[in-house]
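Both complexes below contain subunit A, partnered by subunit B and then by subunit C.
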Partner chain A sequence: MSLIFDEYGRPYIILQEQERKTRIKGLDAIRSNITAARTLARTLTTSLGPKGMDKMLQSQDGDVTVTNDGATILKEMDVENQVAKLMVELAQSQDDEIGDGTTGVVVLAGALLEQALILLDRGIHPTKISEGFDKACEVCLDKLEQISQKIEFNENSYDDLVKAAMTTMSSKVVNRYSQQLAEICIKAIFSVADFERKDINLDLIKVEGKVGGTLEDSVLVNGIVLDKDVSHPQMPKAVDNAKICILTCPFEPPKPKTKHKLDIDSVEKYRDLQKAEQEYFRDMVQRVKDSGANVVLCQWGFDDEANHLLYQNGLLAVRWVGGVEIELVAMATHGRIIPRFSEISEKKLGRAGKVREVSLGTTHDHVIFIEDCANSKAVTIFLRGGSKMAVDEAKRSVHDALCQVRNLIRDQRIVYGGGSSEIACSLAVSEFADKVSGVEQYAIRCFADALDAIPSALADNSGLSSLETLGALKAAQTKQNNSRLGVDCLGLGTLDMKEQNVYETLLSKKQQIQLATQLVKMILKIDDVIGPTDALT
Partner chain B sequence: MAPQILLLKEGTDTSEGKSHLISNINACQAVVDIVRTTLGPRGMDKLIQDDKGKVTVSNDGATILKLLDVVHPAAKMLADIAKSQDAEVGDGTTSVVVFAGELLKNSKEFIEEGVHPQIISKAYRKACELSLQHLNHLAIDIAGKSPEEKQTLLERCAQTCLNSKLIAGKKEMFAKMVVEAVSSLDPDMDIAMVGIKKVQGGSLSDSQLVKGVAFKKTFSYAGFEQQPKKFTNPKIVALNVELELKSEKENAEVRIESTQDYQGIVDAEWSIIYDKLEKIVATGAKVVLSKLAIGDLATQYFADRDIFCAGRVPEEDLKRLMKATGASMQSTVNKLTEDVIGTCEVFEEKQVGNERYNFFTGCPYAKTATFIIRGGSEQFMDETERSLHDAIMVVKRTLKHSKAVPGGGAVEMELSKLLREYARTIHGKSQLLISTFAKSLEIIPRTLCENAGLDATDILNKLRAKHASNLSSVGIDLTTGEICDTWKSMVWEPSLVKMNVLSAATEAACLILQVDETIKNAQSNQGSDSFGAGGLPGGRRGGGAGGRGRGRPF
Partner chain C sequence: MQVPRYQGPAPHVLKRDTSEEKGEEARMSSFIGALALCDLVKTTLGPKGMDKILQSASGDIIVTNDGATILKSVSIDNAAAKILVDISKTQDDEIGDGTTSVCCLAGELLREAEKLLDAKIHPQLVVSGYRIAANAAQKALQEAAMDHGANFEQLKQDLFYIAKTTLSSKLLAQSRDHFAKMAVEAVLRLKGSTNLDHIQFIKKTGGNLSDSYLDEGFILEKTLGVGQPKRVENAKILIANTPMDTDKIKVYGARVRVDSYNKVAEIEEAEQKKMLEKCQKILNHGINCFVNRQLIYNRPEQFFTDHGIMAIEHADFDGVERLALVTGGEVVSTFDHPELVKLGHCGLIEESMIGEDRVIRFSNCAAKEACTIVLRGANKQILDEAERSLHDALCVLSQTVNHSKVVYGGGSAEMLMAKAVDEVAKTIPGKQSLAVEGFARALRAIPTIVADNAGFDATELISEMRAAHQKGEKEAGIDIQNGILGNMAKLHVLESFKLKSYMVSSATEAAEMIIRVDDIIKAAPRRREE
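Our next item is the complex of A and B:
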């Protein structure tokens, strides 16, 4: 803390525990903030695009994550610096809102900050820079709207959606199977989508993964997959036309919640008790049986006795099914969750075409598939992969793709990827810059330069010369007046991103630019950092 | 040897006299320096990290001073006036500190020259009184004007308030929202009826104003998703009842003689909860909300009967909801009569960002509004919330007082001019002092210029010239760096804010000037005795444990 002294040389104690606080102010503060944020952004730059590299992150407990998803990397990095934390939140909020483009938003914010630093060195007031960036951001959004295209799709033809979903997955490890996964995702979304309200509850799509097999074995299950096994080894392993009894009460004699005590003082009473207990079990199983159910899912455990009885009655039973799954099964099968045995009735049973237990590979793992449910509004994407890391990464990729498709259903407009839209915006912004008088002009021009960071990172990551590529692309876009030209990352020989089928949603692009600008404005506005000494050094 | 007279406990620190006064002023100066740069539309933000690593980014003077945890007794006074300004009018918290600091700084030379502090404060009070009178004349009243004109006035005041904040880029949008929210309230304008919710993700422009109540989906049990999520004109019941299967009395114990009775107990327990549920269903309510938990059994029961329920609804949300829908909270499910059941036009659960929110719109009774702020990071949204709060307060106060003055330093320059004119007409030391007060007023436009990187001297000269030729609403145009008629460029401030700034700052300055001795207890008691009113910092409990600045264990 900057100390001041009175005329006797004693320091003023103005703040609580002032000696342990540090303060950086003025341009130094902005500079140190920018440096911190930029360092973080640089880490992510190499993960951008289809040829981007993955990061391996080891957590404190030794868990290893391999990913190139920006939000995940930043989350696992566990950054300390308070401004860098803002970047992490930035990626997170892109993830929350859009689900995709998390790397892009951080790279863009980093580039903007880099440009801001140049402007600051020229002595431009930070708020002027913010204003310039703000204006430039507006121009970008307009331009994006202009170059966006509406894609048409319906439940039978959804080629464009597949392309969009594939674009998302192209940068992930799973890209070899992106076509297959994309189709899975789209089918999943279609089955849960509420087209009228354009509302898609992603909670209804369960993404389940199991180690083993290859990604090719991944399937969309029209129903629910439970990572459980049948409670008794001799129970039927498959039931057709299943009537499912969904219970949230254990197969046990009911226990009152009030404290209770049963006094037993004679052998007779003890026998009575035992008989009563057995009676309970028999009664419970009988009720289930009477209702016509042939599958029992229970949130709690069963007693061995009950298990045996269930088996004898030819029922397929699963115990310890989690609350979320119970709910999903209930919704998928149009069943009602039954809280006590006395309420079991045929009407409340859920219906599914097929319930079967499947063993995976040579492992002892079993999963239960509940398929062809009465209401297909709950589906499961069942992923397979060679290692836990691969499955986890596949899950993240599928999540990204699901979000992408969801966004397209909300807003059908797309822009072309491969950095083409950024270049188009960059050109629009530089053009706009010439028309602005005042210091903002410089800021706006720098914004255009920052936008170039995305295509140039794409080019760099693909092993192309970034400057050459960028120059050529800009020239080509202006000459041909074609905003679809982008970086040919995959070496397909065409620059037209429409031919390359690289689609991104307009929502996501807009959001990226808005969020990055917002964060940069916030960082630029801070001129004073006060905090505990150890945190700042 | 003469015996030493020990009057005070060992370790007590005293200082007195003129030098003490000067040192107090210097300490205040240090605090002012911290917040000075946040003033005005070109003001900067502060990033403050506390011991626990929580980061706050703010531009609001009161928030900054609160987080700084000022302990110097004189400097604390400044932090307090910022706080009271915040509580009273919501805006102008930086101005009040900057102005008070400037008054003190300018009085320093008089103190050094031996002018008695009492004379100084008397003159300041006089000057303050005069300024308030002038301010009243300068203010434009819109009480009798048409609603449209009122609307514009309010929006402009809100915009001016938001100018200096992080969300300045979207000030038109937010000003409109704020005015809409405040005007939709009842005449008594209880600010608690305006809820502010934050959902991470999305951009600022996705923020919305919900005319009604909205709150986040509460924790739910299995079965919740099977409940319908949209109703029109539903009956709403608000409860303070736990709808769970549980023991009725904590320490009750039942002794059962035979196994037949066992089932009886079980059934009895079930019938208690079923009885409750049945009564609720019997009212025809479609939305059941409870402050306490609604268990899985109840959730499934309601799902079965197409009723929506939400347990553990935060109290403040429930309170607003009750006021808005006319429902009243019931601690029992007996006697759920029509008059305790509320309603609204539309209830819906909708996705906002990554969260699901419950919306209640078209409420028949008390008017309420909810802001849903969207933004990239938590700090950003926190700051937006504070900014909106300021704007809401400003609009609320303006609605009541309906008077506005031109901002951008114009009104300060005008008051300064008037005071100077007055000073020339009087005799004695007060002449000098009132001129000093007038000079101190110029600190506001001066700081505005400095923060914007403009040449303050140059611009102040221009302003003085304009004001001398009776152009009373000329202030600084910070977008061009020139002067302009701020009345026309729509930089309006509620006169109440200015009034409070003037009087609070004068009060504080006089108070500090009149202190000629400070007795500080030994350090170990410092936290709890003399100046601890502002809340104890962590790790200070247990007073005498030698806790003098010891490092926290790692």
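Our next item is the complex of A and C:
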């Protein structure tokens, strides 16, 4: 760290422990930051597109994750650098907002930063670069709106939705089964969607994964799947026309929150206590029974005595059901969550067509299916797979596909994928650049070059020559005035992404460009980094 | 345009000690890891495969031939190898056997993939070729599968042959007829349930492996209370899960506070009385045998003795559940409604001896959905391995009862699939076809390993087999006893269809997952708190 000395040669100490801090200033700071951010972007570039590769991540505890999902890779990478952390957050916010396109946004941001570096070296001021990028971003958004198309679907014909969902999954390891998974996702969305308000509550779709079987065994369950087993081995394993009592109070004598003591000083009291105790249990189970319930789900445990009483009364009971699941079940079955035994009544019971316990594999592993619920608006996607890593990746892919479909129901406009929309934008931006006077022109032109990074990464990953492909595509798009031409990643012999059925949502594309531009602007504004010595070297 | 490089110190992006391997390096590290693991278990494959000795940190020794057990016990740092361990474990949970084969097949697929990648074929092309091949293999397997589920006698025969095939690669190979028969009988008793907890193993050192037997009744490894009847006929059994020392007071905050020692005595008396009342209630069920999951203290025990009831304490949870299944009773925790409780019944309960240990045998039971297998053998390691082997066989059988399709073993299923895959390869234009051919080679590698392990001329045998399959002899496989080509239908070598199909699908899945990786990021292991 550079020091300033007074006339006697003593240094001015401004920062605490100044001598132990490093500081990079000015262009060097920006360069250092850009280098860090690009390191991450480079890692993700190879994951882009249907021929993109996966990353294998080993956590501190030795757990292995294999994934193609940008947000997950960045999260698990456990980065330390502050600017790199911004990139992680960028992917995260794309994931939260849109759910898909997380790799794309990071790659785009990386490309923009790379271009910014060139501009900086030409001596263009960072704020000028930001302004230019901003203008270019506007142009992109307009262009995207222009080339977007509306797709039509309804509950009976949703071919286009399937195609869009399949596009999302095409880059994941699940793509051999993507048709079926896409249909599962769409059916799931349709059953929870509120078409009038264009609102979809994804919380109502539970994605449950269980290791074992193959991906082809995955199903859409019209109800809830609980990863639990029935509390008493001899209870009925299946109940039709279930009336479900959903309890959040434990089967135990009252337990006041305030500290209390109960003193017993005579034999009579001792006996009374014993009697009262038994009475509690009998009473609790009786109340449940009297309400007409035949299934009991309890958030807490219950001891052997209560368990046996429940069994004796012919009830199917499940204990230790998680809070989220309890709520889901309540929602699905139109039941009410009952916090006290005294409040049990028939009206509050949830209803489901069938409750059954299913055993899987050879290891005594059980799940409970609650099906045909009163409220059909809660579904579960039950995924299977040959290994834990495969199931986890399938879960992530399904999440992405669900988000994709949800976005399409909110906004039915799509753009075509395969880099075609980026190329169209890039053409529009470079055309616009020529009309701008001033230094921004260079920034805008560089923005266009950055947009080319996506199609060229797609081409690279597919084993095509990126320069040749890009050149040919740009020429073709201009000549044919067809913005649907993109990179033929799968070697299907056509460049038209409409024929290849590669759909992306307009929402996601717009968000990608906006977020990436914003982040780049932010990074460009930082001109001073102060940190502990070892963080920078 | 040349991008200018930042000249200052390179910024730290990843956490300290985190390592990243990219591209070829990453691929190499995952392939080497997976192949090393595959080579480790490879020698145990097949009837003439060898065993491994595993010594744990505490010095315990396991001698085993079971892939899943071996893989579970080796601690691994390589991420790709962990994937193989995981699929092998899933295979174990799902089917119970074929854990070595699945690992070997995945390994061989990777070995083939490595060659293809060296020839500069894009990993994704390899993956898509493998997928096409896997589909073709599954289809061929499906077509070759035979289903005898409708005919019970034939199914039983099939089960017997499957058990024999499974056991032939294990320690129990010498007396495999004996054990296969036992396994089939035990599984058929489960009546379609796949819960193998209901089959109990009792391992007693001494005697010979062939002295092992399936008890027609049920054996509980417990001793009877002092002075209690050693033999009860027409037993009516109450199976309970209840504390028989003192009942804990379940009302919160309750505590006993007395002001004189007389009162202490009174409370103590009341406590005892409460217990006796409970005993009386139990007695009211009209039973002559009482089995509790928890301890039975002296006083209640004496009470039961006085009333001529056999009381058995501390049967573990599985024991209680099994007993409930065998005798048709239910597990009870409250005793106020004797009329509602279903008691267990059995013809005879007596104390008997296995080796030098006393056990309680329940014979002539009402329901027979659980059973006991008594294993005898020279030492603990043999017994453990015998249990594992038999458990594998039981798993496969219990799955086969529900999915009754079978295919021929002895490598013939693999050859059949390889042939179908090869035929598909010829119809595919483009580079994928190379991957498809690679898949066929990987499938053929499995019987090759089996033959190699047996010390036969594998190359010769496999090419003979291949020719035979080409001629349409679908039953051609390795006659492992004689080292020649044999007819698997005549030799009765059967394997479960589900096992084979699952093996192909999960090995492909795992291989695909590893091939697709081009970047490995490894966090530094968490430091142990000092």
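Keep in mind that, in the parts below, the second predicted complex is superposed on the first by the 531 of 537 C-alpha atoms of A that agree within 3 Å, B and C clash if a C-alpha of one lies under 4 Å from a C-alpha of the other, contacts with A are read in each partner's own complex, and residues count from 1 in each chain.
One rule holds in what follows: a contact is a pair of C-beta atoms (placed from the backbone, for glycine too) under 8 Å apart; a residue touches a chain by one contact, two chains touch by 3 or more.
None of these values were measured; they are calculated from a predicted model.
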| item | value |
| --- | --- |
| First (subunit B), second (subunit C), both or neither touched by A:97 | first |
| First, second, both or neither for A:273, with subunit B first and subunit C second | both |
| First (subunit B), second (subunit C), both or neither touched by A:493 | neither |
| First (subunit B), second (subunit C), both or neither touched by A:262 | both |
| First (subunit B), second (subunit C), both or neither touched by A:519 | first |
| Subunit B versus subunit C as contact partner of A:312, first or second or both or neither | second |
| Set intersection of subunit A contacts, subunit C complex versus subunit B complex | 33, 83, 253-256, 259-263, 273, 276, 535-536 |
| In the complex, subunit A residues that touch subunit C | 24, 28, 31-36, 39-40, 43, 46, 50-51, 53-62, 64, 66, 68, 76-81, 83-84, 114, 117-118, 121, 173, 176, 211-215, 232-234, 252-256, 259-267, 270-271, 273-274, 276-278, 280-281, 303-305, 307-309, 311-312, 359-365, 385-390, 393, 462-463, 491, 535-537 |
| Subunit A-touching residues of subunit B, taken from the complex the two chains share | 19, 22-23, 26-27, 30-31, 34, 37, 41-42, 44-51, 53, 55, 57, 59, 68-72, 75, 166, 169, 200-205, 221-226, 245-249, 251-259, 262-263, 265-266, 268-270, 296-297, 300-301, 303-304, 350-351, 353-354, 374-380, 383, 452-453, 537, 549, 551 |
| Subunit C to subunit A touching residues, read off their complex | 1, 3-4, 6-16, 18, 20, 22, 26, 30, 77, 79-80, 82-83, 86-87, 90, 92-96, 122-125, 131, 194-197, 241-242, 247, 249-259, 263, 266-267, 269-271, 274, 321, 324, 330-334, 336-337, 340-341, 395, 398-399, 430, 502, 505-506, 509-510, 512-513, 516-526 |
| Subunit A residues within the subunit B interface of the complex | 4, 6-7, 12-17, 19-20, 25, 29, 33, 82-83, 85-86, 89-90, 92-98, 125-127, 130, 134, 199, 201, 203-204, 248, 253-263, 269, 272-273, 275-276, 299, 323-324, 326-328, 330-331, 336-340, 510-511, 514-515, 518-519, 521-522, 525-532, 535-536 |
